[in-house]
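Chain IDs A, B, C and D follow the sequence of writing; residue 1 opens each chain.
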Amino acid sequence: MKEIPRWSEKDVTRTLPHRNQEGHKGSFGTALLIAGSAGMPGAAVLATYAAMRSGLGKLTVATSSESIVAISSFVPEATFETDLLDRINDSQLDFNQYSAVAVGPGLLPDYKTEAAIDRLLPEGKPMVLDAGALSPRSYDSAAAPVILTPHMGEFSRITGVSVEELQKGQAAYAADWANRLGVTIVLKGPGTVIAFPDGETFINPTGNSSLAKGGTGDTLTGMILGMLCCHDNWRHAVLNAVHIHGACADEWIRTRSPHSLLAHDLTELLPVVMNSFEK
Amino acid sequence: MKEIPRWSEKDVTRTLPHRNQEGHKGSFGTALLIAGSAGMPGAAVLATYAAMRSGLGKLTVATSSESIVAISSFVPEATFETDLLDRINDSQLDFNQYSAVAVGPGLLPDYKTEAAIDRLLPEGKPMVLDAGALSPRSYDSAAAPVILTPHMGEFSRITGVSVEELQKGQAAYAADWANRLGVTIVLKGPGTVIAFPDGETFINPTGNSSLAKGGTGDTLTGMILGMLCCHDNWRHAVLNAVHIHGACADEWIRTRSPHSLLAHDLTELLPVVMNSFEK
Amino acid sequence: MKEIPRWSEKDVTRTLPHRNQEGHKGSFGTALLIAGSAGMPGAAVLATYAAMRSGLGKLTVATSSESIVAISSFVPEATFETDLLDRINDSQLDFNQYSAVAVGPGLLPDYKTEAAIDRLLPEGKPMVLDAGALSPRSYDSAAAPVILTPHMGEFSRITGVSVEELQKGQAAYAADWANRLGVTIVLKGPGTVIAFPDGETFINPTGNSSLAKGGTGDTLTGMILGMLCCHDNWRHAVLNAVHIHGACADEWIRTRSPHSLLAHDLTELLPVVMNSFEK
Amino acid sequence: MKEIPRWSEKDVTRTLPHRNQEGHKGSFGTALLIAGSAGMPGAAVLATYAAMRSGLGKLTVATSSESIVAISSFVPEATFETDLLDRINDSQLDFNQYSAVAVGPGLLPDYKTEAAIDRLLPEGKPMVLDAGALSPRSYDSAAAPVILTPHMGEFSRITGVSVEELQKGQAAYAADWANRLGVTIVLKGPGTVIAFPDGETFINPTGNSSLAKGGTGDTLTGMILGMLCCHDNWRHAVLNAVHIHGACADEWIRTRSPHSLLAHDLTELLPVVMNSFEK
């Protein structure tokens, strides 16, 4: 495999959209986030917070009741769709208002989660699938880009290939499975690989070990979801979200211990870090 | 239509009230906010937070139970009137203690919301109607200034005129309908129009696209409510709230990305931004 | 009446206790706060937050369930006594562990509140009574200093004297009633009067109109409670709390609008403001 | 007894682990925290917050429902094991995934707490026992290091020796009982003693009287738990946590009053304070 290009700081600066002065919240897209359960309510908080700081216009969250109270005092800007997973096959449900969807942070990989994905894939909206939404399956019914964001353990669960084997050639495996499944694979870790279904592949140059803590993946999912809403080019959205997520962690360790980062700190740094790419 | 004047920084500086050194919380007015529902609890948090930083003396919030917990940990200064919408036609209810009322953020435009407006209009208190409180109706029973704060979609819902048609002459349409309905119309967007019922009309010169995100309108409603309580001149209250709301967003983008603003950030910037008009 | 002395910055500096290096949380006293109800849960949050930053060792809060969740995410350092008002006449209840008690913020002046005061007065603990705990009554059963913290409206309720009449001579009325009732009266407002039962009376020189907003009194009650726990001289505790509370507001308006202060901002400024008296 | 060595700033700098650049959250260990009850929900918030900023990879919290909502809005990075104390003897429960366990903050020393300890001691995971988990008992079934973190009152409860007697020779008593019980004893107070079961004993040189307030012990428990997960040497983890906990308090009083520290302020200072040992 020839050397894989890095999606650099310059690439981000070049492709990060200017926010249209004439736009209103409708112009920047409404996102749907399905996340959070009784044992993992915080994942929904983290993804919501990150999404809402990443350029979207509006966000609707389908989540558990614990998460609703927690989100409302952390990110009061979010709105909720109650009991969505229970009504997912209701033919009245209309997903047309959404520009992008993310499923999985804080969810279990159970039949409800799978049913939601089945229902949503043919809707023609870019979809991010993470955590509980990462299971072995086909994406043939997808009518728009699908982005999977597994870490190595989840990539092994999706592919059935052992972690040891995968580690022998992460980028090659990511590219291969992106092609096979017809999806984009963001294979997370030090040197995250972004493999598009047509074979185009990038390595992310940012990030550090402060990210190795529960919750940072939920924050990334939120950032990708938000970026999908404000980018015309969905590939740039994914690449820029991954790059900037890591850049926030790099900003953190300039003055703080890598042992002490919390995922929501990334989102707190986002306004200033994103601004540094806009100059 | 001749050129519409802008309500400038100088106008704000000239008209923003000094806080009377001898006043107590009663002197600065008690506001009533009716906002927030199960699917939109955060709107009540945002409006409460903004109102309480905008000069009022006291605030009572009528809202859903999810919102009560969230508000109490975000703005513990607020107090609550429980189940007000269910008791709105109770003749025992006394609205005399209130100096101003706002209805709508996070409410659905349903019969309960309409019943509350019907009940409150004759009470003779300045009223801000936003979001779920914006429906086609008459304001003949109003015994005090009514301020509607629609964005273009809501303005279309109120007037029955299509958004495309409205866009041909926003200021003219706002002025026309302010006159017809006998209310003040704050037609929100880039270059917000403030049209008073007697024909006086202004354009707001502040704000930017960072505001194009869910929740910023709820924050504006709170700011108008708070300003109504501490201004003698209710028109100045409306104009100053709109101007300062935009000025907070302008302060944000001096060092932060416009993609990343959250509505409550505006309120966090308010103390320093408002101070800049007081020098 | 001869000129009333001011409790000055120098007096605070002179009397604010050094924190004993060898002390543990038990050495600095455990306070009991009875505050907060369904319609006013935030008052308990504010008083808790202020008390815990004002020098005490431990705090137990008896409050409503809404307040418990809100306090726990705002001041996780507090602990709770559940349903205390319902069990107040239970002879098993032991108040010996407490060094000081405050009752009233966010409570209604109802029979439960009165029953709690009746039960607590003979316990021999310094008590702060505020808001819902301020009603006309005798303090003959009190076995330790009682501090009432009324604003003018509450002072009128306690005394039966009209606000207009009281305004003719606030300090004289405060001193008179402090003597009659055998309690300390902190008559709040611009130029707060502190009148001790033996006739000693002071005027507080700090504070400004930013304090004229709901919640600042709850914060003051918390500060007095906390200071009572760490001062040997309870009079100094009261005087210093009132002075420093106002000094926090004075610090606020150095760079921020007086219209925008929230009561919990005072407590956020407290660590640095209190430090300025310790140099 | 000969002079007891101090665990100095240099010792921390020397032994604080670098965060492995190639690690993922699994590499840094998953901790289990059993903490928080209806009357003390905040203790779980404090320990969770501290643990998650102290180097671990993931954290699971077993706690009361009040704590779940509060934690989720304070530290959304945490996940939960619901009703663990009720299921503690369920043979299906698998503790293998955990690298370290802490029990006690905000718990009562009741039979449920004891049952949890009985069940966990033989699991072979380093365990921190604090607060409600500190009772007289044997640790013979322990299959890994056990760390007790009593203050003097709790040390007296464990040992049956009176506080007065213990104060005659704190270090000697700590060393003696560490040896007798075969556990590490962190005897907290000014000059905290850390006594290992083999006789090695240290004095902590950091900390000050600002720590004499409810909650700071819960924060310490969280820090030890987090440090256990990212240190290879568990003794260094304990010593470094105690030292850094005190160093955060020392940083606080450089510019703020010792009367006003809250336990969660320590954790907020942790990222910068920990960084100062990493230069």
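Brief remarks follow.
One rule holds in what follows: a contact is a pair of C-beta atoms (placed from the backbone, for glycine too) under 8 Å apart; a residue touches a chain by one contact, two chains touch by 3 or more.
Note that this is a predicted model, so its numbers are computed, not measured.
Set against the C-alpha centre of chain C, every other chain centre is closer than that of A. Between chain A and chain D, two chains of identical sequence, the interface residue sets overlap only in part, with shared numbers making up under half of the total.
Distance from the chain A centre to the chain B centre is 34 Å, each centre being the mean of its Cα atoms.
If you average the CA atoms of chain B and of chain D, the two centres end up 49 Å from each other. Multi-chain contact residues of chain B, defined as those touching 2 or more other chains: 69, 73. Chain B contributes residues 38-43, 45-46, 49, 66-67, 69-70, 73-74, 151-153, 189-190, 208-210, 212-216, 252, 255-264 to its touches with chain A in the complex. Per the touch definition, chain C reaches chain D in the complex via residues 17, 19-28, 52-59, 68-69, 71-73, 75-82, 226, 230, 270-272, 274-275, 278.
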